[in-house]
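Residue numbering begins at 1 within each chain, and the chains themselves are lettered A, B, C, D, E and F in the order written.
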Amino acid sequence: MTQVHDTRYQRGLAALSAIDGEAGEKVVAQLADIAPDFARYLIEFPFGDIYSRPGLDLRSREIATIAALAALGNAQPQLKVHITAALNVGVTRDEIVEILMQIAVYAGFPAALNALFAAKEVFSSHPPSGAAQ
Amino acid sequence: MTQVHDTRYQRGLAALSAIDGEAGEKVVAQLADIAPDFARYLIEFPFGDIYSRPGLDLRSREIATIAALAALGNAQPQLKVHITAALNVGVTRDEIVEILMQIAVYAGFPAALNALFAAKEVFSSHPPSGAAQ
Amino acid sequence: MTQVHDTRYQRGLAALSAIDGEAGEKVVAQLADIAPDFARYLIEFPFGDIYSRPGLDLRSREIATIAALAALGNAQPQLKVHITAALNVGVTRDEIVEILMQIAVYAGFPAALNALFAAKEVFSSHPPSGAAQ
Amino acid sequence: MTQVHDTRYQRGLAALSAIDGEAGEKVVAQLADIAPDFARYLIEFPFGDIYSRPGLDLRSREIATIAALAALGNAQPQLKVHITAALNVGVTRDEIVEILMQIAVYAGFPAALNALFAAKEVFSSHPPSGAAQ
Amino acid sequence: MTQVHDTRYQRGLAALSAIDGEAGEKVVAQLADIAPDFARYLIEFPFGDIYSRPGLDLRSREIATIAALAALGNAQPQLKVHITAALNVGVTRDEIVEILMQIAVYAGFPAALNALFAAKEVFSSHPPSGAAQ
Amino acid sequence: MTQVHDTRYQRGLAALSAIDGEAGEKVVAQLADIAPDFARYLIEFPFGDIYSRPGLDLRSREIATIAALAALGNAQPQLKVHITAALNVGVTRDEIVEILMQIAVYAGFPAALNALFAAKEVFSSHPPSGAAQ
């Protein structure tokens, strides 16, 4: 039983690490003293189950995620994590800006503006590599 | 002046027609007797300005749109229009289902469920072609 | 004690009747068998306390209410009641359409579209009088 | 591996059945032809993981769920399922009405009204037993 | 008339004090120079009317409130006040964590994460007494 | 073509300047290095198209905007900009407070409280002139 649980957890951890990098590990660490089981669920369900499914490429998954988070407008920390994640899986800065501008159509200009300012913060602390830009 | 205005409007109309097909035209018709100017803005800004920008492919744009609308959860008619639009620009049924399942992570299971049931309705009235499926 | 309670309740009932007309009475009737106390609160707080305050005219109050409900996007029955109420207190059909189009800027085009279609329904069942139009 | 997967799935299925009864089974059936994997996740994560945790009684869990769904206001089908579920785990009709009235404080009167009308529908199709009322 | 008004106000003040303690008083003080009438309404309606009703225990009321606020995700100051309030009326830290983890199912992982981090802040400034923990 | 584009842009810039004053210019400046095209759209569509329409006075437009933003509750920076804008177009401080208190009815007390505290911040940095107060 431990072995199987580990399989799902390990798969999620690998996906989390590949997608979110240090940001994902930081969230897990922040949960350690208040809700360690939730850190486990976060690794197992979103990353071990959903992001590990073969039916959609990670680039498309991150486009969907930053669009959803920008539209909701009440999850700025997670939006920043996934703007970084989008860069990590090959969405360019210009494409991220396109996606966030488009959110103005579906959730209004304030949601788009706040998301663009979140992107501005992320970009300023992530110097573009050749590949990412 | 008419000419330039027409340029932006015509570009939007072409984009709307290519992306949303009949559904877009139907919305414009429904607005005719209550807010015809809004039909014009709908064509000019979202489609003439945003969707016509070269920096992001239409497939990625529709992935972002259905993710945003599914997450918001209060725009089911527009979600259905854009599930159709996503099919029109080459997102497959299986990919749409992947995107909507992923919304459970960011906006909860009810938002994902209601979006999946909207997709079920759209799929049942759009027989899959070879390309779309 | 009854007298004072009646004062607040009666003031709310008068405001509700003046603003929402039959629609307000219908909501109160629908609550009678499930939550009669909530019908009382609905009359006392929103109408007896808030709408009865002298610091803002009813026209401005209804503009604020339909803007808020259109932006929230998940309260279509109440939006329709207050589109009727706005007409009752002197906001014209054209002004209501202007307000709802403006919601596209702050809450997105789907919220504005769904609110405009709600207005279309209300308008079709309320033939314009000279004053209201 | 099958055995362990089954353990989590079976635990979720037992919880779903105990809490939601037929309504849960109906949702799973509706997903069968569009997103069968999502039906499995729905059983495994919310019910197999969360509702099966020993740290909070089911009565408290359903109070939290109907409060959350009523506040969100865009998940009426799920709200109705969980009003039934709340009755199933011993929350009385009067208590459900109290919870939904309280939502007016945190999410506004329209959210509370729409939730109360959802409860009215559920109650009318679930004749009160001695215990539930 | 003054007497009756005082009755409702005094009842609300007593409830507010019992539930929210200093946090409630602080909010009232913050409103004093901008909207003193709103401070009165806040005491009268939520606390004098709703929380003072006999049909639901305060423990259940606070479970509903923190679930609603965590799901909405845009009211972090009020969520913190009510996490404290939940502790005050006997909900344990472990139960609060259970409720907030469950919000992931209905409003997504970001809403649950942000609520858990709010709880972490509250817990760190409220050393557990024997009773509360 | 340039001439016509300029017409729409210039009209929006004039409206933005009249309504939002320095706050509008600041937002445009903040977008310059990340999404300059979005700054252009922000001037053209909300201000050049919507706010420049003759069918509704600016006072009514700002009442609608602050009501919508307060109800949404996830756009505090834009709410502050438009509380300033409302003052600029002749809505008094007392009327703004009335509008925001009313939001408690439609979006709950936390949304109203957070909007009132935003207004408190704006008012404290904008000494009332004779006209504005």
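One rule holds for everything that comes next: a contact is a pair of C-beta atoms (placed from the backbone, for glycine too) under 8 Å apart; a residue touches a chain by one contact, two chains touch by 3 or more.
Worth saying up front: this structure is predicted, and the values here are computed from it rather than measured.
By the document's definition of touch, common neighbours of subunit D and subunit E comprise A, B, C, F.
Between the two copies, subunit B and subunit C, the C-alpha superposition involves a rotation of 120 degrees in steps of 5. A centroid comparison over C-alpha atoms places A as the chain most distant from subunit C. Seen from the C-alpha centroid of subunit D, the farthest chain centroid is that of F. Here B-E and A-B are compared, and the pair linked by more C-beta contacts is A-B.
Both copies, subunit C and subunit D, contribute mostly unmatched positions to the interface they share, with under half of the numbers common to the two. For the pair subunit A and subunit C, the distance between C-alpha centroids works out to 40 Å. Separation between the centroids of subunit A and subunit D, computed from CA atoms only, is 29 Å. Each chain gets one centre point, the mean of its Cα atoms, and the points for subunit B and subunit D are 31 Å apart. Each of the following residues of subunit E touches two or more other chains: 37, 41, 45-46, 50, 53, 69, 72-75, 78, 97, 101, 104-111. Under the stated contact rule, the graph of chain-to-chain touches is complete, every pair of chains being in contact. On subunit B, the positions that touch subunit D within their shared complex are 72-74, 97, 100-101, 104, 108-114, 116-117, 119-120, 123.
Residues of subunit A that touch subunit B in their complex: 45-46, 50-51, 53, 55-56, 60-61, 63-72, 75, 78, 94-95, 97-99, 101-107.
Residue ranges on subunit C touching subunit D, taken from their complex, read 27, 30-31, 33-35, 37-38, 41-42, 46, 69, 72-75, 77-78.
Within the complex formed with subunit E, the residues of subunit B that make contact are 104-111.
Those residues of subunit A that touch subunit D in the shared complex are 1, 4-5, 7, 37, 41, 45, 49-50, 53.
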